[in-house]
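Here chain A shows up in two complexes: once beside chain B, once beside chain C.
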Partner chain A sequence: MLGPTVRDHAIVFDELEGPEALPVGWSDAQGPGRYRLSEGQDGRVFEGYVVGPDSLKQALFPARDVLYQAERRPDGKVGFAPVPADPPDRAFLGVRACDLAAAEIQDRTFEHGPHAEPRYRARREGAFLVAVNCTEPGDLCFCASTKTGPRVTEGADLVLTEREDGFLVEAGTEAGREVLDAMPTEATDDSDAEWLDEAMAAAETKMGREMNTEGLPELLFGRLDHPRWDEVADRCLACGNCTNVCPTCFCSTTEEDTALGPDGAHVRLWDSCFTQGHAEIHGGGFRPEIRQRYRQWLTHKVGAWVSQFGTSGCVGCGRCIAWCPVGIDLTEEIAALREGEGEAPMPSPPAYAEAEDDDLTPRPAEVVAVSRESDDTVTLHVKVDHVERYRPGQFCQLSLPGIGEAPISISGLTRLGQGAAVEHTVRAVGGVTRALCALQPGDELGLRGPYGQPWPLDEVAGGPVLVVAGGIGLAPLRGALRAMLDRPDRYPEVHLFYGARSPDDALFVREMLGWLEEPSFHLHATVDHATPSWRGHVGVVTRLLAQDLVPEGARALICGPEVMMRFTIEALEGLGVEDDRIWVTMERHMKCATGFCGRCQYGPWFVCKDGPVFRFDRIRMLFGKEGY
Partner chain B sequence: MGETRPRLGVFKLASCDGCQLQVLSLEDELLALTDAVELAFFAEATSRADDGGAFDVTLVEGSISAPWQAEHIREIRERSKFLITIGACATAGGIQALRNWRDVDEFVRTVYASPEYIDTLETSTPVSAHVPVDFELRGCPIDKGQLLELVTALLVGRKPAIRDESVCMQCKRDGNVCVMVARGEPCLGPVTHAGCGALCPSYDRGCYGCFGPRERAHTSSLAGWFQKEGMARGELVRRFRGFTGWAPAFREESESHE
Partner chain C sequence: MAGHPSADEVGQLSLFSGLSRDEHERLAALAEVETFEAGTTVFDEGDPPGDLYVMLDGRVTLCMRVPGQPETCFLSLRSGELLGWSALLRRRRVATARVVQRAQLLRIGASGLLELCEEDHHVGYALMRQAFEEMADRLQGTRLQLLDMFGKPGS
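Coming up: the complex of A and B.
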């Protein structure tokens, strides 16, 4: 049994050895950046204090979780063994309404997307929850504003309300009813029910803070340049305390825990959008400034969360105010941001098919062939079952034991006798990709996926299609090109606009020459730096997009560096291609690929599950905006 | 492995040897380490003389505080493929960098009976102020787990899991109650590079910043909070002027309160 107990000058949530471990008579005083505990004289068990730094999160989504054990054998074979949670059944005593609401919000992240996290689910299912109604909210509480308390309305097995003469107990579930039936109780009557209603109504008026939540997503995303962001950045330490104590924050990172070799554990750790690594990809980070990190956190917590999960991420518990070392108070920040102008329309939550279990463990897959594409780029042909599941535009997580995982787009599919292979074109830029590029036929790698949304090949059928690719951006589009060139009846006119650094860096040249045999295919290529033998265009790819090459009614698929995509979109719009006829593929830091780790968030979207292919009108609100 | 084992060199400059001791205190992994790499030079651990050859990986402890060290580090750099500086002295100048705010000649005259034998520089500076460094491993002393991770990452070919984040991240993952919020104990954790395992807060003390500033160390906001809570200016200077006081973020903060 876990419950509130005094440790290190705070009331934490810990194993309870017995009733004497409960903080009977203790009370807390909380303010911004301040939490003080005192031992009082009265015998109250729960009502002298409200929430401390801990919540159910520590137990259901622990700060450190081993996801799998990996090994790489000398013969190039790999092994991955998932590590399940295997939790004991646990009872949690003294859970507040805000924390029950928070657990329900975390369920949406870990159980109700396209993927479900089995470790979280097992811990959640094994939890027996004894909740407490708060009749004495604290100075930092505002659950009445967020409508997540102070009264427990659902999610608990038993609900206690502390009174001078004992506890009122309600059973919320069948399991709770069984426990209640086994306890010595006295029957209640209408006066008890009236007392409870009055006590809870009174509690609503005792909140130390309030926050107007009306229209927050639209308001915040409409005010991304509000001067308040600079003002709060003058105080914010970007230390991550707020996100760690927040009972709904779910961001995580992973690392390889091995000693002097490749074999060992793949570990998940709590991370925070306030760390540098959170939004970092090879070549740089998306949120270098503290201002951008605080804005990301707040616009997500009470803004984008609504578009992602159909609920705000704030339950009004006040932890982020108390445990901020410099006392930043989000209710004050929100109030200040309300002073201003601007509102942006926000999307509704996407509908996902029923969640499939994903324990995040790769499966061994054989590299059957390796094609060298350029000095630093190879295509791995990886043998798979059910090749029909892999669609152009989606990606897989490729991994090697002890080195790590990298999201790599699907660059094509090949038939192999009885089976099939999925192709991944990899450029060696970091540890994982260098190791992937060094693989030989017969070696194995770890494979997870496919993940994400594919190119909309049905939607673009029937009319002319423009494919615009920069550099290695051609890789995610190759599968789409092959599919379209195979069906000239559906795709009568396909134009490829391709820009590479130099002729030597151009990908798939031999295959491209073959495509030129197809009457439906039209190639427009350019390079940044010509070689003496190059006879084609020199310059950026957007300069190829001239009026006479963009047919009436064309739809466009674009992949390349973000700046290249921006100029391409501007050029296309200038030529009359509306933004709902343009699709782009976005790159953000994707660690888990399943929507659990939070790192690839892009405002209201997750690049891993809502993208990486997006119709441009949907992401236009944020495209090119610094800090996202 | 045999012939192909990478050659490791361990050198020291102005320092207390504590970081080298962390290598030796890798007890359980030490034999595996010597299997994986060739200990080509490590004066504190072996009697093997320097053969003058090149190193695949070199660990350097200590700051540059004497003219010979400034020469020596150039030679080490030339012989090293991957140069790692270890500890607060090598990465920030160390506690001996306190001299950088004082008159060194006066110290020499006061402390030593025969000052003419002393050949020292005016300042103690990190190795990176003299030669390019490939990786800086922080701490006073370094954390042996981080050292093992760094060596493993180099051997296996992965990015080392050494995160540039606040000490607070570690405290929260470990379930430590914040000493600053719950007791008013001043703590440099929010602006300090993690890696120590949140050692001081785990023992109910505030962090004193021995791993040096993290990226985006927002020292002015933290110092402002200390001041609001009643910390005097002299104490503020001392807080930021410890084992890594010469690291730019801490140095600028302490100087702004003088």
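Coming up: the complex of A and C.
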């Protein structure tokens, strides 16, 4: 049994040895950047204090979780053994309404997307929850504003309400009823029910804080340039305390925990959007400034969360205010941001097919062939079963034990006698990709996936299709091009506009020359620079998009560096191609690929599960915006 | 093939859009159509100020010498585009114009053209405006090339 107990000058959630471990008589005093305990005189068990730094999150989604053990043998074969949660059944005593609400919100992250996290689910299912109604909310509480308390309405097995003569107990579930039946109790009557109603109504008026939640997503995303962001950034230390104590924050990172050999554990650790690395990809980061990180956190917590999960991510517990070393109070920040102009329309939560369990463990897969594409780029042909599951535009997570994992787009599919291979074109830019590029036929790697939304090949059928690719951006489009060129009846006119750095850097040249045999295919290629022996175009790829080459009714698929996509879209718009006829594929830091780790947040979307392919009108509001 | 273009041919070029038939005729009188074979150069980097060209067809690539390295080509021009804009400012040639596909060019005598612009500011403005538009696009493209978008991130 876990419950509130005093440790390190705070009331934390910990293993309870017995009733004497409960903080009887203790009370807390909380303010911005302030948390103090005092040992009082009365014998109250729960009502002298409200929430401390811990919540159910520590127990259901621990700060450190080993996901799998990996080994790489000298013969190039690999092995992965998932580490399940295997939790004991646990009872949690003294859970507040806000924390139950928070757990319900985390359920949406870990169980109700396209993927479900089995470790979280097992811990959640094994939890017996004894909740407490708060009759004495604290100075930082505002659950009445977020409609997540102070009364427990659902999600608990038993609900206690403390009063002078003992506890009122309600059973919320069948399991709760069984426990209650086994205990010595006295029946309640109408007067008890009336007392409870009155006590809870009174509690609502005792909230130390309030926050108007009306229309927050639209308002925040309409005010991304509000001067308040700069003011709060002057105080924020980007320490991440708020995200650690927040009962709904779910961002995580992973590490390879290795000894000196090739084996190791793949470990998940809490992460925070306040860290430098959170939004970093190789060669750069999307949120270098603290201002951008605080804005990311708040616009996500009480804004984009609604678009992603159908609920705000704030339960009004006030922890982020108490544990902020400089006392930043989000209720104050929200009130200040309300003073201003601007609202942005926000999308509704996407509907996902029923969640499939994903324990995030790769499976060993053999590299059957390696094609060298350029100096630093190779295509790995990886043997798979069920090749029909892999679609152009999606990506897989490729990994090597002890080295790490990287999201790599699918660049094509090949038949291999009885089986098939999925192709991944990898450019050696970091540790993982360098190791992947060094693989030889016969070696194995770890494969997870496919993940994400594919190119909309059905939607673009029937009319002319413009494919605009830059650099290695041709790789995610190659599968789509092959599929379209195979079916000239459905795709009568396919134009590829391809920009490479130099002729030597151009990908898939031999294959492209083969495509030229297809009457439906039209190639327009250019390079950024060349030597005089090059007879093709020189200049940026956007220069190729001229009026006479963009047929009426065309739809466009674009992949390349974001700046190239921005100017391509501008050029297409100038030629009359509307936002809802343009699809782009986005790159953000994807760690888990399943929507659990929060790293690839992109305003109201996750790049991993809602993208990486997006119809452009859906992301226009943020596209190119600094800090996103 | 050489000879003066017709006023209609001149009028079709975006550089001279917005001008009247009469003005197109005056411009046509200053212009000649010239053909360049692949492998030749139209002018060389460092040449003294010369005439202005407009691409009619084919492909011409602009290249610069980089000591110690191969010559680098950074822009190819296509039909309708200006070649040798430095003529409008009476500057030396800044790049070598290499013909990579047999090209037809409209050559416009620089001194006659600049005299016309001085004499008739309406023509001068229209022409400079169009040239500026094209230079702006070219500048934007050059900036994107400068970003080395397809280069290795972080290197």
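Details
The working rule: the second predicted complex is superposed on the first by the 627 of 628 C-alpha atoms of A that agree within 3 Å, B and C clash if a C-alpha of one lies under 4 Å from a C-alpha of the other, contacts with A are read in each partner's own complex, and residues count from 1 in each chain.
Basically, a residue touches a chain if its C-beta (ideal position, glycine included) is under 8 Å from a C-beta of that chain, and two chains touch if they have at least 3 such contacts.
As the structure is a computational prediction, the values presented were derived from the model and not from experiment.
In the three-chain model built by superposing on chain A, chain B and chain C fit together without any clash. In the overlay built on the shared chain, the residue A:Arg501 is in contact with chain C alone; chain B does not reach it.
In the superposed model, A:Gly283 lies in contact with chain C only, and not with chain B. Of the two partner chains placed around the shared chain by superposition, chain B is the only one that A:Arg36 touches, whereas chain C remains out of contact.
Once the two complexes are overlaid on the shared chain, A:Ala322 sits against chain B while remaining clear of chain C.
Residue contacts after overlaying the shared chain place A:Ala59 against neither chain B nor chain C. In the overlay built on the shared chain, the residue A:Leu360 is in contact with neither chain B nor chain C. If you count the residues of chain A touched by chain B and by chain C, you find the higher number for B. Applying the stated contact rule after C-alpha superposition, one finds that A:His537 touches chain C and leaves chain B untouched. Looking at the shared chain after the overlay, A:Ile334 reaches neither chain B nor chain C.
The superposed three-chain arrangement places the nearest Cα atoms of chain B and chain C 15 Å from each other.
By the touch criterion given at the top, residues 281-284, 376, 427, 429, 470-472, 499-501, 505, 526, 528-532, 534-540, 542-543, 546, 560-561, 563-564, 567 of chain A touch chain C in their complex. Listing the residues of chain A that touch chain B in their complex gives 7-10, 12, 33-37, 52-54, 58, 63-64, 234-241, 244-245, 253, 255-262, 269-272, 275-277, 288-290, 322-323, 325-327, 402-404, 430-432, 434-435.
Residues 29, 32-33, 36, 148, 151-153, 155-159, 161, 163-166, 168-169, 172-178, 180-184, 187, 189-191, 204, 215-216, 218, 221-222, 224-225 of chain B touch chain A in their complex. Residues 59, 61-63, 70-76, 78, 98, 100-101, 137, 140-141, 144-145, 147-155 of chain C are the ones that touch chain A when the two sit in their complex.
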